[in-house]
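There are two complexes below, and they share subunit A, which is joined by subunit B in the first and by subunit C in the second.
== the complex of A and B ==
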């Protein structure tokens, strides 16, 4: 008990330092989005009032947006708004950006979750297999596969997938989340279409949604599979070179028991953090894949806003992505601390 | 066979008698290790081909890359047009050949910007430590907390679409990993005995950094830069695909895929071939990076 107390103080200090680091990073993040937003060549006033507005209306809106204030005042207002979860209004629709993002995010979460399940489910066994075959044919094949997965432009892969599996073979649904005539049939409760349609008992919609989801999810999953299998392989190799593995082999355990029962058991924690990071990286692929598949999610919202020059929406999206990324990194860190006794 | 091996061992085992000799021996050993790996060789060959294609583009292409020929629009691959033609009748094979110049231009410029910048920030941050280190590392933290494509999108949004703006945006997002790496390397060297010895001889700080620390960081930075090149190509293609990178009629591979997308179902060749080009080049850089890491990283031995 006695020596547990200073330990706890240490922990508290470490947590405090960590929190301070995060706070500074977040502040830097929104300073960056603020600065990017200010140098944007698109005139935010013009996109609201239109090109035909007279000077008076222009100046009125200019003042309304607070653009006449000195830059540091604008910055304080910006930070203050963000603290109240106000990302401003989208110039096109006039809706609050925070609400619009909350509406499109579930579609991306649904896609991303499916993709990470596929990526993890294939990536880990492939990585373990490659490590067990080190230097042999199987290892080479898995390594080239994973490097190819890294190297393929994901939007091109998506288009090729659509061409082959939708247009030529007709195995899967095409663009969008469901077939057109099912659109809007199910009341969105969670925003996750599969869950909503299952809860409403609309199995036709469920099937249509699944057939639309499977292809983009596989393609997004391929990308994280490449990453996960590569990391799994190198983690496994580090374990397999240790002495306890030799002991286990000498003991007469089957190679399968050695691989999965001993080596794999020791890399679970590292893998958890890798999967959390892969989930974050998927947001990047989602921006491109959602454009290809007309998937009404976060990525499509971002690109549409970008092409329309909707500054508030774009910066809101960028900020959200940054925050999701930081959160996932934190979760990965925390998982490591919780599950790995060596870090205590 | 065994005799030649023995000979080469005794030759390399002998102490080099000059700095030049040592460098040459080192280079020879690295080259031998690179040549031994078929995957790396594949990468090298493709990258060399890319460079040659870019140099000799005018002789290799059959048609002008930007001249329209509407009577020959959307023709399937044939003897005249190896990869078919696009919606304006431009030869896709020729456009891909010319596109290699755009790709190399992007890769070269971005690397030339981020290599020195990342190295300088990392080495300074790692060597001095303290407040300098804290400030630099907080800045890299901010940049690293975004997926690179999303941050590049934000910068292009600020600068406006276009090839040069895309290059600036990619460079802005790609330097932090280099800086992190150089910093980590520097921190392991900072307190090394040989640095102390150099200090005792009275060398100035800039001299220590430039002559004794930077060269030690170079090999890992070069490996990282090579890996980065694949990422740069993909990000540039992604920006081109979203219509934010190179603008038509520049034959950029990502933009070619984007414009072919509308006709994808009837004209698969407008999308398939540029994508394959991107994939091959990016895979080649990845293989090259993999091989270089195995060959240059002494910890792998």
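== the complex of A and C ==
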């Protein structure tokens, strides 16, 4: 009992330090992005008024966006708004950035989540298999697949996928999240179309959404599978050369038990980090697949805003990306304790 | 052995998982819905007074209407729309419109002259992108109220500050978004802080057009529903949907498969691949603007007429138009668009390296000089710039290509911080020579402080009082033959002065549509209507 109080204080202090680190990280990100945005040679005003607007119109919008204020004042105003949970309005559309991100993020979450399930579900077993077949045909096949998946531009895979599976075979839906005539039929509750359509009992919409999701998710998943399988193979090889593995084999354990029951158990923590990073990267960087498949997601929104110089939108996105990576790291940290008792 | 089995199971289950999807893929669009695939990157607002770019015109031209419209097949022909008839005053300073009775807006509110007045005054007073056109005719916040006069519910007068060819004004009223008529009663209900309902009209429609905006998800989709009470009669398509698609090959596959009816923005390679395909047809429409090479006369090199003339003869017009421009543009070297009565025959400039070298030598640049060409990093601009770079080099002019987005290229042009630019512009939405010359050659004040950024003549620091006078005089000339002569004079002067913007090709837009689509006519002034479109199934 006497020791519980200092323990709680310790925990509180640890949480406090963690929160402070997160806040400083996010503030640093935003400050850097803000500064980059102000020196980038992209004029958001031109994107709004068009290249043929006269100077009077240009200056009117310039002032409306607050760009006539000193940079330090613009920064203070932005941070102040942020502290009031206001991400500001997108310069291009005048719509609240928070609303726009809330609209596009679920599309990417849906795509990215399916993709990481495919990538992890295929990549890990393939990596383990390759490690167990080291130097043999199975290993070479997996390594070539992995190299191909990682080296060939993902947009090429996307276009070939559309050509083969959509245009030639008719197996899947084309670009977009759903067939257009189903658009608007399901009320967006979560923004995840599969979930929303299932909850609404709109099974035709569900099937259409699935048919549109499967191809981009597979391609994105294949790209992450390539990376995950390579890393899994590397980690497994490092484990399989350990003495305890030799001991396990000598003891008569089956190959399956050695691979999955022993070696794999010791690489779970490392794989967790890899998978978390891969998922985070997918959520913020799937812009090429989103472009090929006309997927109205976060990657496209961020890229488009950046090219237009819409810094409110860009900074909102940077904040979200930062929070995603931080959250994924926190989840990974928590899962470490589950997978590796030594970290508890 | 077991591992091989595991792999086989994995592959089989993946294929099996994919197979139930087979039956969900449906190819044809519904018979009563028009589905369009195009980039929505430039659709930032549907407020007629704030529209930028031409892509959003596809929406506002179908949710709103103007008093008049231009015939898509003969764009110089003015057709009645919300106005039944009109008269011009003899002094060229007043147009009186008799408005159509019995028209209702989508809200059910009656259309009257006060809506016209409110819409036009709004455009000028809001002073957003569409106000620029009005301001070039002398309208401003202080005089607009007095110049737009409501005579009665169905008669309205538009007075112009200066004497102007009424056809010019009419063409502008027919083709510019800022002249579209808004349901003022409905819009006024959404005014916040004297914003003229700008916030609300960004994403909602308040027009009398055949369609109304049901939903807009930015850079995703826009859904327009039919206005069942449309005064011309119910449109055949009950819904028009525009889906955001930027990847040309995806568009090509989708239109080929029949998942979209119209594909806009395909690359030339994809357009060419679809020509001859019986499932689709390629509609080409000539626009009024041009691809050009521009030189800045702020740069000492290009202040010399001999240098500009040398550059004029270092462009391989034929080669560029034959190899790069098919489906992007057609050969044209005049500052006034093709097919107008005033347009002179082509001057026939061609690549002549020896002549160019002689001119450069006379200017004191026997060994050439170094310069830069700013250009958009997309076709056909980059290809034109690359071709020009090669031919300039034959005469010793070393041009470095600086690629960028539209923002960066035209931004530099507006700031007068460039040497050469390969760009596209020159006005021309109105089928009138003034629309082109105003954009390319007019510059009443060449000082940096004047900041006449909407005039490309100012941007290139080109100023000729004689040219300005001809342009102003011609714009106010009522006699058609005299006007034609003045515009021909302007073109000859443009040649003689070796104006720094050299047109290379007149813009052509290619749109791919499904073969069963009928009465879809892309408009040269971007005001394409969907009201008559149907599918022959």
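Note that the second predicted complex is superposed on the first by the 259 of 344 C-alpha atoms of A that agree within 3 Å, B and C clash if a C-alpha of one lies under 4 Å from a C-alpha of the other, contacts with A are read in each partner's own complex, and residues count from 1 in each chain.
The criterion applied here is as follows: contacts are C-beta pairs under 8 Å (C-beta built on N, C-alpha and C of every residue); 3 or more make two chains touch, one makes a residue touch a chain.
All figures in this text were calculated on a predicted structure; none of them were measured in a lab.
Enquirer: Applying the touch criterion given at the start, work out whether A:93 contacts subunit B, subunit C, both or neither, answering first, second, both or neither.
Expert: Once the two structures are laid over each other on A, A:93 reaches subunit C alone.
Enquirer: If we overlay the two complexes on their shared chain A, which of subunit B and subunit C does A:173 touch? Say first, second, both or neither.
Expert: Only subunit C; A:173 stays clear of subunit B.
Enquirer: Is A:287 in contact with subunit B, with subunit C, with both, or with neither (first, second, both, neither)?
Expert: Only subunit B; A:287 stays clear of subunit C.
Enquirer: Counting only touches as set out at the top, which of subunit B and subunit C does A:163 meet: first, second, both, neither?
Expert: both
Enquirer: After superposition on the shared chain, which partner residues are touched by A:25: those of subunit B (first), subunit C (second), both, or neither?
Expert: After superposition on chain A, A:25 lies in contact with subunit B alone.
Enquirer: What is the contact status of A:58 with respect to subunit B (first) and subunit C (second): first, second, both, or neither?
Expert: In the superposition, A:58 contacts subunit C only.
Enquirer: Regarding the shared-chain residue A:208, is it in contact with subunit B (first), subunit C (second), both, or neither?
Expert: second
Enquirer: Which of the two partners, first being subunit B and second being subunit C, lies in contact with A:307: first, second, both, or neither?
Expert: both
Enquirer: Identify the overlap between the subunit B-contacting and the subunit C-contacting residues of subunit A.
Expert: Comparing the two interfaces on subunit A, one with subunit B and one with subunit C, the shared residues are 41, 155, 159, 162-163, 167, 291-292, 307, 309.
Enquirer: Show me the residue ranges of subunit A that touch subunit C in the complex, using the header's touch definition.
Expert: My answer: residues 41-43, 46-58, 60-61, 92-95, 100, 103, 122, 125, 129, 132-133, 138, 155, 159, 162-163, 166-167, 170-176, 179-181, 183-184, 207-208, 210-211, 214, 255-256, 291-294, 296, 300-301, 304, 307-309.
Enquirer: Where on subunit A does subunit B make contact in their complex?
Expert: So the residues of subunit A in touch with subunit B come to 21, 24-25, 28-29, 32-33, 36-37, 39-41, 140, 143-144, 147-148, 150-157, 159-160, 162-163, 167, 280-281, 283-284, 287-288, 291-292, 302-303, 306-307, 309, 311, 314-315, 317-318, 321-322, 325-326, 329.
Enquirer: Within the complex, which stretch of subunit B touches subunit A?
Expert: Subunit B residues touching subunit A: 39, 138-139, 141-142, 145-151, 153-155, 157-160, 230, 234, 237-238, 241-244, 254, 257, 261, 264-265, 268, 271-272, 274-275, 278-279, 282-283, 285-287, 290.
Enquirer: Could you please specify the touching residues of subunit C with respect to subunit A in the complex?
Expert: Those residues of subunit C that touch subunit A are 2-4, 6-7, 10, 14, 17-19, 21-22, 24-27, 29-30, 33, 35, 37, 41, 44-45, 52-53, 127-129, 131-132, 135, 199, 202-203, 214-215, 217-221, 223, 241, 243-247, 249-250, 253-254, 256-257, 259-260, 404-408, 410-411, 413-414, 425, 439, 451-454.
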